[in-house]
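Letters A, B, C, D, E and F name the chains as they come in the text, with residue numbers starting at 1 for each one.
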Amino acid sequence: MTLISTLSDKEEVTGYFLVKELDVKQTNSTPPKDYWDLVLADSSGQITAKYWDLKPAEKESLQSLQVAKVHGIVQLYRDRLQMKVIRIRPTGPEDDVRLTDYIRAAPVASADLVAAIHSKVDSITDTDIRNIAAFCVLKAGDRLEHYPAAKSHHHAYYAGLAYHTVRMLEIGEFLCLQRPFLNRDALIAGIILHDLAKPEEMNAQLGIVSEYSDRGRLIGHLALISGWIVEAALKLDIPTDSPKVTVLQHLVLSHHNLGEWGSPVQPQLAEAVALHYIDSLDAKLQMVEDALGSTAEQETWTPMIRGLENKAVYRTRF
Amino acid sequence: MTLISTLSDKEEVTGYFLVKELDVKQTNSTPPKDYWDLVLADSSGQITAKYWDLKPAEKESLQSLQVAKVHGIVQLYRDRLQMKVIRIRPTGPEDDVRLTDYIRAAPVASADLVAAIHSKVDSITDTDIRNIAAFCVLKAGDRLEHYPAAKSHHHAYYAGLAYHTVRMLEIGEFLCLQRPFLNRDALIAGIILHDLAKPEEMNAQLGIVSEYSDRGRLIGHLALISGWIVEAALKLDIPTDSPKVTVLQHLVLSHHNLGEWGSPVQPQLAEAVALHYIDSLDAKLQMVEDALGSTAEQETWTPMIRGLENKAVYRTRF
Amino acid sequence: MTLISTLSDKEEVTGYFLVKELDVKQTNSTPPKDYWDLVLADSSGQITAKYWDLKPAEKESLQSLQVAKVHGIVQLYRDRLQMKVIRIRPTGPEDDVRLTDYIRAAPVASADLVAAIHSKVDSITDTDIRNIAAFCVLKAGDRLEHYPAAKSHHHAYYAGLAYHTVRMLEIGEFLCLQRPFLNRDALIAGIILHDLAKPEEMNAQLGIVSEYSDRGRLIGHLALISGWIVEAALKLDIPTDSPKVTVLQHLVLSHHNLGEWGSPVQPQLAEAVALHYIDSLDAKLQMVEDALGSTAEQETWTPMIRGLENKAVYRTRF
Amino acid sequence: MTLISTLSDKEEVTGYFLVKELDVKQTNSTPPKDYWDLVLADSSGQITAKYWDLKPAEKESLQSLQVAKVHGIVQLYRDRLQMKVIRIRPTGPEDDVRLTDYIRAAPVASADLVAAIHSKVDSITDTDIRNIAAFCVLKAGDRLEHYPAAKSHHHAYYAGLAYHTVRMLEIGEFLCLQRPFLNRDALIAGIILHDLAKPEEMNAQLGIVSEYSDRGRLIGHLALISGWIVEAALKLDIPTDSPKVTVLQHLVLSHHNLGEWGSPVQPQLAEAVALHYIDSLDAKLQMVEDALGSTAEQETWTPMIRGLENKAVYRTRF
Amino acid sequence: MTLISTLSDKEEVTGYFLVKELDVKQTNSTPPKDYWDLVLADSSGQITAKYWDLKPAEKESLQSLQVAKVHGIVQLYRDRLQMKVIRIRPTGPEDDVRLTDYIRAAPVASADLVAAIHSKVDSITDTDIRNIAAFCVLKAGDRLEHYPAAKSHHHAYYAGLAYHTVRMLEIGEFLCLQRPFLNRDALIAGIILHDLAKPEEMNAQLGIVSEYSDRGRLIGHLALISGWIVEAALKLDIPTDSPKVTVLQHLVLSHHNLGEWGSPVQPQLAEAVALHYIDSLDAKLQMVEDALGSTAEQETWTPMIRGLENKAVYRTRF
Amino acid sequence: MTLISTLSDKEEVTGYFLVKELDVKQTNSTPPKDYWDLVLADSSGQITAKYWDLKPAEKESLQSLQVAKVHGIVQLYRDRLQMKVIRIRPTGPEDDVRLTDYIRAAPVASADLVAAIHSKVDSITDTDIRNIAAFCVLKAGDRLEHYPAAKSHHHAYYAGLAYHTVRMLEIGEFLCLQRPFLNRDALIAGIILHDLAKPEEMNAQLGIVSEYSDRGRLIGHLALISGWIVEAALKLDIPTDSPKVTVLQHLVLSHHNLGEWGSPVQPQLAEAVALHYIDSLDAKLQMVEDALGSTAEQETWTPMIRGLENKAVYRTRF
């Protein structure tokens, strides 16, 4: 089976791909004609595609977030590859394809990631902090299994949120060993909670964010999770103004570090400082790793990466 | 009775003043001697004062936030007036002085301000919004009667918070009449709530903030009041993710307008835009009015005002 | 008659519209063919339109800022509606259409707005300030009747400048009542003058700015109106360095508040502070009201609004 | 005669110095005693001085901006030299001292500088531009002979404004030769006018700015000189909206380059670009030259220079 | 011979032009067809061009950076002129054309510029500084003869780097005469060295930068030339930590003035301050001169200039 | 023996302390009297001290960076403890004190830190990278044993530079294990080199920076170490423009991430991104740990920490 990341100019291809985006558009010929503007994806990357001469009868035959069988030709257009689709149809049981094989996903199985997070919750020694963390993980529900960590910034794929959390927990554990003055309970809980309201901030399926929710746009995931902590405290009969609740709220509210990055307060706690830099370190390195991974091996430079001061990254070859 | 704002160089004065600050310090003579470094205040302003040659026996005789009877001489020191205290003693019942006569306070009686706020809460037509606002006003409790609106920035006096709120409500009502497209319930509730968690953010007595609370420093009054709204909704059985709760949280979280001014989200609602600019208008104009009022009439320029891009204000004389 | 704001995809329409913009362009077919790229407008909004297969004989038959009779079909193109024009011709007397019915305009009649401004000028009690204000209003001339307040930022329609001024005057009067320490003469004059040189800064017809003037680009409306005040003082034999002239110049020069927003000096006068925030309040709320008004009722979010930190606005439905 | 720049610790000195600043202050001993806090100056620099034990009878015997005969001892205090004054008296005719010998002044005679400026005005070939420039130079009057270019930033000494102007004219002439596309009339007039309203912005005597004027604080020298140009045009019957008047206004308004540096418009004219960079070049290099000149020869680094990103300057020794 | 700067709409032209860029692209017709997307240039400017209906056999017949004989028709497309190419072929010996006649180049012969630079190197009196400057000029090699000073910002043409250097040297010499306190050796060497590593930072041919080099992107020309100075010192047996080497490194590292403009240190040397402002003055004025020169004479305004705060420049006509 | 961190108001103390700073100053009494202004230090912290009534004969008896025997009384002055010294004398062999017992130092022995760094150099597998790293470590020489990592920002104590480097190496090793796509050679070398030119940038003894060197101020440690790498390559016959040299230069030049923080280029390499965030993480957490450690246990908040957005840090007590 041909992976998108290996396609090259003029290659003719037949295979299964996820229809990640699907829009009916019109050419600017006279009279304009309908066509499909598609984004096809598999686990290795994505490619824009055009299906010209779309017939009225075909319009309803395909939907986005389906796996389709596609026959097409790859072409270089404005320096980027795109596919001219010749034939495309939705798959059925007879194709024997599994949706999750065709989406970009974290390199670790979702169930393992979620189990790791649960296990870290259980390892928190302070009862109140453990219970608040558990309450919030429960509130996130099964969305934690598949949500990405962001719309496009970083970890923008199936289970990206859980993967980001688990990798940060690994770094956090290392730092707690290296620096015993850190309060492990606070740091572990802070890492688990910091992005946990993202499922309330965004609407996502298959690791793909379609849009921000109204509540996400109007409140943001920092103040949302701070509200979850208040709710947890009330439900668990922990005073909402106790130091533990205060510290957890501070951890999540300050984790973007600066006001212009969305934090209403700045880190004023050892664990809050650690949380912010662990978050940056994991997010930035993942952006770099993913950008290098989705850039053809022979290319020395990746495309520009937004979250990296809009810089491209150089591939070391020694 | 002599007001502080009318004192002049070399004037000898006997009168009652609030001891706003009181510190035992030591001269840098050899050997160092103890003295009191004081800030004396009345309703017209404040003046620094020194009581030299403090005897060990006197040290415990006076406390801050008391009214004292003072005999002293005014002197010009480094371009500012200060008082050399000759005698000072705490007042007792025989002096027949009321503490509240000696502090800076809003120009409207505190009880009237609080009543006006309650009345505006009652005027909200939507039951959920009215109940949430009422819950939060109740939670602020009697601190609303005397809290200042800030430590020093603006309305930093007895009942300053209530006064700021009431004046903003007047502007808000005017705007709702001028622009019927505004949702009056949301705007009135937003104005009442926007600074209502300041009593949780700061510790104050007599309109004077002694310090920020731990919870105030770590969370800030924006996220605090957002948490109160969550609490209100839970207690009142209003879904925490309902549009009304979302809108109220958005109003308070966005009222500082920009991330660098402490808002994790920016105004995205007509009433949130109105709230921010009504808040600025009232706070800035009050700073100017108070600065002109506490600058001697013959002075053309006030001192620099921090909240006004650090500019002084010119007194128009025509 | 069909309003542009009510058009929908695939709708066939015949009606009168203002030709707001008109350009001859060429398709990128081989060989390229001429077509008209149009912007059609009425009082409810505007729509881009294409008239394909433009014949050489037709090229001179139509001009911009005319009302035309149009027959066309609405189409969705790149997520936005546009009109494919089938027939278009200029209107004549027989059509009995009035140009001003087809443009976006302030919701209050232009003559009433201008009369209100004149009346406020007359109400200024100080002779010098009143005469300077009157001189400048006279210099703006009849352009005050129809100029917009900006090219696109806010109040970008017929009589937008006068409307913005009148609404600000209403807020100003309210504040003078609420806060008697404000100098009403200075504030009323400042509001009237603050944008009054916009007609020298821009070239506009029918409320539509075609371009900035050379003088507008090189000097800007703040320094332009400051120069008008100097001119008024010289013509009226008021010393150019008198406090009243100084205060009026300061009001107009500082009304953008910060250097990076175009003010060479920052507000240092109670009335200058009031002027800036009244201006912001009116401009921002009008942007929001206009954005909500021109967004289809069923849409929850407006498009992004440039003057509002590039944020969209949420429509409250309760 | 001993120059201030050559004084050293513990040196006893008798000589004539300008009393640049003179304040009666009080020690913080008990009881406080009066003393004079002085700044003494000569052409080489300045030194703070204290005259302890000031007797009541002496208080009126001396004024600032007089030359005094002084006997004192130099002492190192907090890493800086200051003078302990033993005797001080104002000079009279018998001392045969000239005030101008004791102040910091431009290295070229004031009369020569002013003559050079007049000569450059005369060399402008365009009648309107020449007449406007001449009008403004006349309006500045004899203040041009002695005003500094700034309070402390650069050229803060007698005739500093004229010196700054003349040096910029030299660079301007060079650039006009090197780059014939530049309009010499506009550039020469722009240089002459750019800071010419500083005498209206500040109050100065002997090259020392005591304070900014009300008009200077409220309008600033950029908008002030722009107003002078309007006035000149009206008096000379040149249309105020003619391109020449527009260009001259643009040159002065844009010469600070950016909004945050006080320019309401940015340079949009070859000569405006040249003017800004010539101004920067001359001002910055003069700051460096003056800082090196007033730093003891054996010091490798000058103090920090505010106008130079707050950096100190290194003295090259090869 | 017709110059590109004089072409007008609908003009038919036959002439020689440099093929500055050449790409095979495809129309978005169905099926897509190949065409050449070209940029044609001569000494007067450049124009985009299309050669439709490119036949497979023609594809290899032409390369970029060749002079071609072209027959085409000029057309207005989206407000800009472009050329529809009818016939195009590479030139051969029989055409008798010289490549250098068809490129944009500095207005002074490259050989003269390089000779002027060598002569300035020789005029440096200090042996070490002269030798280091000579070493670096030698290392730049013959690239100094033809490199532009930037990709597009300023002096982006044949020998632009040498031209920029020579003009700055002229200003530098003038300033050394005007201000004898400047160290001429340091300033002359600083000017020669400041952009001398641009040939290592970019890949260019015929004055046209195709791309930045890997080393250029990863290190930048400031740190590159600083490294050349270290290399020169080592090769010439001058201690790398001597004041002269330090000063030369400081000059090149600080010449962008601020950290956000790429300088790791800020100017802290009289000559470094001079270098930065001479560089700005020459670069900005050249941008303006070139923008005016390449804008049609009848246009009052140039296009926006990136390096000039994105402002257009006004053409004075008096 | 009494540690400075345990001293309290009015305590009388006799002990050995390091004389960290020593200045002769004068009281502002009349006449002024000489006194010593001292900073005394031990491994637990430091305290300012005054020795009044310094006799001329005593002035030369003590020098800074000596251990002295001190008898004094602790006093609270302006809210901070200081010591009034009664007797002080330098120590001699008879006191049997070791200097290194009295200074603040990294918590790991200097020799162990240096050995760890050498061992990491040896573990680099690429010969060129290993040799360049070894060359630079050798060039830093024995200063690596005792230099602090900064003047006051972070790790400002004996062997702070080596300690910072070793802790970063630990985090770096962890990340290389967690993320195999990282090039360990580049990251390890980058960590070792990134601050290695600090000994050339500053002058320090006993972990205390007295001042920046001329070369440090004029070039900065980023461009300095970049120059060392060039020197290493030349001495080791590795081409200075090879990818390995380029990558090492890029790592050190970009490690401050942004231009305004001193990096002339931004990280464009996976390992450069990692290096910057590891550096921040270690430096910030060490600041927090050290601030908490030097704040009395009963205090909830540390003083404000400059490198932490000027925020204080809260001490968690659960």
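Here is the rule we use: contacts are C-beta pairs under 8 Å (C-beta built on N, C-alpha and C of every residue); 3 or more make two chains touch, one makes a residue touch a chain.
Since this is a predicted model, take the numbers as computed values, not measurements.
At the interface between chain D and chain E, over half of the residue numbers appear on both sides, which makes the contact a same-residue one. Two chain pairs, A-F and A-E, are weighed by contacting C-beta pairs, with A-F ahead. The geometric centre of chain A is 45 Å away from that of chain B, both derived from CA atoms. Inter-chain spacing, taken between the CA centroids of chain C and chain F, is 60 Å. Of all residues in chain E, those touching 2 or more other chains are 29, 214, 217-218, 243, 247, 250, 258, 268-269, 312, 314, listed in ascending order. Which chains touch which is summed up as A-B, A-C, A-E, A-F, B-C, B-D, B-F, C-D, C-E, D-E, D-F, E-F. Taken in their complex, chain B has these residues touching chain F: 25-26, 28-30, 32, 214, 217-218. Interface residues of chain E, counted against chain F in their complex, comprise 200, 214-215, 217-220, 222-223, 226-227, 230-231, 234, 240-241, 243, 246-247, 249-250, 253, 258-265, 268-269.
Per the touch definition, chain F reaches chain B in the complex via residues 27, 29, 52-53, 75-78, 84, 300-301, 312, 314. Chain contact summary for the complex, chain B toward chain C: residues 126, 167, 170-171, 174-175, 178-179, 181-183, 186, 243-244, 247, 250, 257-258, 266-271, 273-274, 277-278, 280-281, 284-285, 288-289, 292-293, 308-309, 311-314, 316-318.
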